[in-house]
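Reading through the structure tokens given below for one structure.
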Amino acid sequence: MVEIRVGRTRDAKSYARLKVTAPDAATLDAILELVGPLGARVLDNQDIRTAPAPRDGALPDDFYSTTNLETQVRMRGQWVPVANTEMDLAIVVDGDAGAAAMKPMSEVKAGEAVVVGHSGIRVTPLARLSSRDVFSFMNSDVSSEKPKAQVIQGIAQEMRGLRERGGRVCVVAGPAIVHSGASPWLAALIRDGYVQALLGGNAVATHDVEHALYGTSLGVDIAKGSSVEGGHNHHMRALNTIRRVGSLRAAVEQGILTQGIMVEAIRAGITMVLAGSIRDDGPMPDVITDVIEAQRQMRAALRGVDMVLMICSMLHSIAVGNLLPANVRVVAVDINPSVVVKLADRGTFQAVGLVTDAELFLRELGEALGVRP
Amino acid sequence: MVEIRVGRTRDAKSYARLKVTAPDAATLDAILELVGPLGARVLDNQDIRTAPAPRDGALPDDFYSTTNLETQVRMRGQWVPVANTEMDLAIVVDGDAGAAAMKPMSEVKAGEAVVVGHSGIRVTPLARLSSRDVFSFMNSDVSSEKPKAQVIQGIAQEMRGLRERGGRVCVVAGPAIVHSGASPWLAALIRDGYVQALLGGNAVATHDVEHALYGTSLGVDIAKGSSVEGGHNHHMRALNTIRRVGSLRAAVEQGILTQGIMVEAIRAGITMVLAGSIRDDGPMPDVITDVIEAQRQMRAALRGVDMVLMICSMLHSIAVGNLLPANVRVVAVDINPSVVVKLADRGTFQAVGLVTDAELFLRELGEALGVRP
Amino acid sequence: MVEIRVGRTRDAKSYARLKVTAPDAATLDAILELVGPLGARVLDNQDIRTAPAPRDGALPDDFYSTTNLETQVRMRGQWVPVANTEMDLAIVVDGDAGAAAMKPMSEVKAGEAVVVGHSGIRVTPLARLSSRDVFSFMNSDVSSEKPKAQVIQGIAQEMRGLRERGGRVCVVAGPAIVHSGASPWLAALIRDGYVQALLGGNAVATHDVEHALYGTSLGVDIAKGSSVEGGHNHHMRALNTIRRVGSLRAAVEQGILTQGIMVEAIRAGITMVLAGSIRDDGPMPDVITDVIEAQRQMRAALRGVDMVLMICSMLHSIAVGNLLPANVRVVAVDINPSVVVKLADRGTFQAVGLVTDAELFLRELGEALGVRP
Amino acid sequence: MVEIRVGRTRDAKSYARLKVTAPDAATLDAILELVGPLGARVLDNQDIRTAPAPRDGALPDDFYSTTNLETQVRMRGQWVPVANTEMDLAIVVDGDAGAAAMKPMSEVKAGEAVVVGHSGIRVTPLARLSSRDVFSFMNSDVSSEKPKAQVIQGIAQEMRGLRERGGRVCVVAGPAIVHSGASPWLAALIRDGYVQALLGGNAVATHDVEHALYGTSLGVDIAKGSSVEGGHNHHMRALNTIRRVGSLRAAVEQGILTQGIMVEAIRAGITMVLAGSIRDDGPMPDVITDVIEAQRQMRAALRGVDMVLMICSMLHSIAVGNLLPANVRVVAVDINPSVVVKLADRGTFQAVGLVTDAELFLRELGEALGVRP
């Protein structure tokens, strides 16, 4: 510890200068990797070092693996922002253009210049939130027993502001939204312009269509809450109906599909990515069955997003969480506390976790925003 | 299988006569124990056999252990109903009076006549519910993903009917009702006559009082959803406030306590049993610290009850479930599916399990019944 | 109910003849769909009816959706077995060859003859298991609190028998096997011939390689149980190491990978299917990124399997469960009771659920089979 | 912030002097309450203030509510240690003797001098653990997926050291220990002197006796893992057997009870507290049915304890956690991650959480300590 100056107020900056020594280069690297995301920078900084990717989809051995924080690299003495913040990626630079971007391993081409080691990299840690921010007072703790009404009001206010400012809200949607009877609320939020991107899988699409065609979800009558005889085949018939016409859009255009989440998303023209999984029946023709292509489209859909609502979809929510920069606000809703903890506690990003029903959450949110289901 | 006649319609009775053999008496006893609750009766029936209790609180070795089904015993050739149906008890008979009642082991006195063996006992299995009954179509399955609105409507309808007919509804209440902000709804249900007995522990009482005095529950401001500085001591101060005046009733009468669940229960004059546990701080002076005495008072409060709502209180709900006859309708609400499965799946009684928030459940129920929080 | 004859012994067959009426054809269909899997057959049977598939990957509207039970169809008066038993598929027949097979919707070609309606179909319900079978006494109940040693002994005995008879055992493996330190036991089971197929995802492969190369799993030192500084990047470096050489097999052949589950599976030459998901980093070059192609290869790997061990891998286990005929024995192991219930309670197949660690399960199983980790 | 000096090494002390202002006394009190447990002391310190308890079992309004950290009070200018560290209690002082002790509200007598306000109180925060301590590297994280072998070795080493030094280990035991077949291991640990106090409830005692008398636990044969016909009554018969002779000790002395946890605890003469709950059947005559008396005896049993193992007993474990000073080492074992998180994350005390079976934990611990089941 060479020097320390602590800020006198909550907003004032603090400064510390430390001398770091290590028995060998690998340990020094490990220490730099740990302190970098806390905002530490090597004082006597140098330019980045790079090495060429040895083949398509593979990286040089000593590649720098990114965090989900805003990052800059020093090239020819200049600090350059790195595009496409996301964790566990490589940084590929274009020395001539003076540009740098994060890229997944699988998309790096042979010969591209990949950043190696730790020189010339700095990371901006997240600033502390104001204590009156809904994302500040909730993110400490996940509990099913806390009052949720006020938090949902805070989320609604945030969403109203984002709609006014032209912000982007993404919803990651699981099939429990349909099973629990909450889909009309999500459909209404989309219709009224509160959602700019919808991410999900085959299940939410299939059950939404089953609900639109038969009034059931996995054979359970949503209005009555009871099983329908013979209803366990409805989801296969729903899948077949859409496969016969070729796409969800065609089904909407031909008047086969007239209500539900899919209909509103298609009518509103928002971005929709349905990503496949090995559990899928069918699947819906709109489902992207290649997971790497699905990730690519999810990344594109998430570009510039301000807030993500993850509702009862563990697989898709964790996948989306991995793709997000740390400064995107995340609301994670699930009835399983372990899932909420996992989603809300992914390191640095700003998350609110709510242990509750899809139905309760979407209805309260919808009522707070004044939409009509 | 000596003879079988299957009823031709859903309501018709079926009849089967079986010959049961076993290598020894113990095995025969074990078989009779298994088939008794299914409604089987020994054809060539004899009177019961009894033996005297060897000391206070202990039973003869071969005592008959009860089920939670309606039971009759044959005394001097007459079938006599056994009072106080509850599982795992002994049957004590008064031969002179021709009366029989179930009693917990701990309340049997030395010398009382206790039924032993399996002769002279018959058990009435529960009749199948009509398929339109809310308790019929829900009790097969516990899932957080099912639509709940319709089920809660069904429960409300049942409660409205019970209030009209002078039936008895018991609520088993956990502290999450207060933490989640749902206590005004429960208070309103009590005020409007929908609840005849309230069972709970020290925690629900303490947090209800904390809420009434400070607006917090475990230091969290219920209206704002955020922690209050120094609020983690509020529950100790709430306990002390009531201990200083001697009882919850005294606090109501002196105007110290003016709102909340406890206030409405005391004003409405309903039966209230607060049972202690080793986790308790304080406790509230009204808490029964001896668990056997608490069981005794819970049994008395449950006598003649038509429906029990178990809301977010695992310990008390399991205890109450053990005390109930099989034909009492039970609604088990908890956000933890394992708890709901445990409560709703206790053998034969008629239970609906809902995996959801206290807040969602009580608000929807309150709205369906038109009460004002 | 026209006639009923109940078998007098546990093994004797019972017979009932019922007359079924319904207000309309759809209701009749729904009833036939419900009673078919119970073993009911239409007495006055006719041949199946078929309709041509309207386009590639889509079915005629009234297609028959299969169960996971052995099925026969009547063609030209003859009962023909339907190949490839699996639920929620279509039956495609080749009238000239007199052959029938189940096919997923997505693989049916335009014009193929697809069975529609319910005529000419019969389903064989599963026979009851002998009461001494390990799969009989366990499958009623899933609980973390039951003694497991005896059940694991029973599974070991079954596996020993299968190895002797040349049976097929498939393991569905999740990454917790590596995290919990159990991978040497699984590797040993594979090496000693107890496993014929290995199904998993990118995570189990990545962490197995990370463990082989660095001794860590997600940065945690498996031998010491503590985090390694800088270790959170090990999984990305493990992925990159294999991507650089092109495949797991190449890494084994070049001596880069010398121990672990992947090594033993490749050396033993067993079938291995690694199916992709949208959560995947990398992925390993051996991962099948198209989920429909992955399902195809999983189906092939499962053909003729006698027993499946599903160990701590919810997504893959549910996917495999969907692909299995009802008579395949399934052992579902997870520390989360809800997952075990979901896996073990999928209708008719014969399942044992164990709520426990990967480590405990695999070590006890390995010790019972005498393998060396 | 008036002054700050940061220690240059991990062991060096840091020092900060702050000026705290607040708009009113209540806010100042709230701030002092927050910073006290962090080790802050009022510089210009004064003696404590006290007020007499207004009645038996009640405190003056402004009573100081304790933390579970070592505390000192200033009386006549001298700092005096406060005995019986435990959170949420009052401090009662004897001015003449210059002594102070923490007391539960319910045990304070009218007129005793109770500390009020915040003057004259200082609290010693816990020192950081050495990074090589098993309690240091585990307590950050609770996960079912981490390797446990090494941690259990560390606990065994700690227990071996405690036995050598004459330390005190307390086990809080739930009935799952018996259900899962682990009771012989716990019995052996007691026999070999590794346990000095056993805390539990009626259930663990009842099922231990059931196991000793019938080989079953809740009717499940522990050796075979399958249900025994008629076995669901065994626990009632076990209870009755002990009630007939009057106590567990009498049953041991009369040779009725010859093996199991209870037998070893009685033979070894260790402290045993069985605390009642409203769920209890019977109960065993040794169970303390008054929960306040049970707390009193639990407090006495925990006096001077060095380490507590909480095994599969949520209610008793939480109760014990509330009674412990922060510096007692706690190992919390449960198969439910939420329970482990709740137990291991109770603020300041030093806890290791393990998500696993009672059986796995106790067997590995027993093997590591070389005991014979």
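The chains carry the letters A, B, C and D, assigned in the order they are written, with residues numbered from 1 in each.
Operating definition for what follows: contacts are C-beta pairs under 8 Å (C-beta built on N, C-alpha and C of every residue); 3 or more make two chains touch, one makes a residue touch a chain.
Given the structure is predicted, the values throughout are model-derived calculations rather than measurements.
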_Comparison of A-B and B-D (more C-beta pairs in contact)_ = B-D
*Going by the average position of its CA atoms, which chain sits the greatest distance from subunit C?*
D
*In angstrom, rounded to a whole number, how far apart do the mean CA points of subunit B and subunit D lie?*
31
*Would you kindly tell me how far, in whole Å, the mean C-alpha position of subunit B lies from that of subunit A?*
45
*Can you list the subunit A residues in contact with two or more other chains?*
336, 338
*If you look only at subunit C, which of its residues touch subunit A in the complex?*
26-27, 29-31, 33-34, 54-55, 57-59, 61, 63, 65, 88, 104-106, 229-230, 233, 236-237, 239-240, 243-244, 275-283, 285, 289-295, 298, 315-316, 318-319, 322, 336, 338
*Complex contact set, residues of subunit D against subunit C*: 137-138, 143-151, 175-176, 179-181, 220, 222-227, 312, 335-336, 355-357, 359-360
*What does subunit D use to touch subunit A in their complex?*
1, 4, 6, 8, 337-338
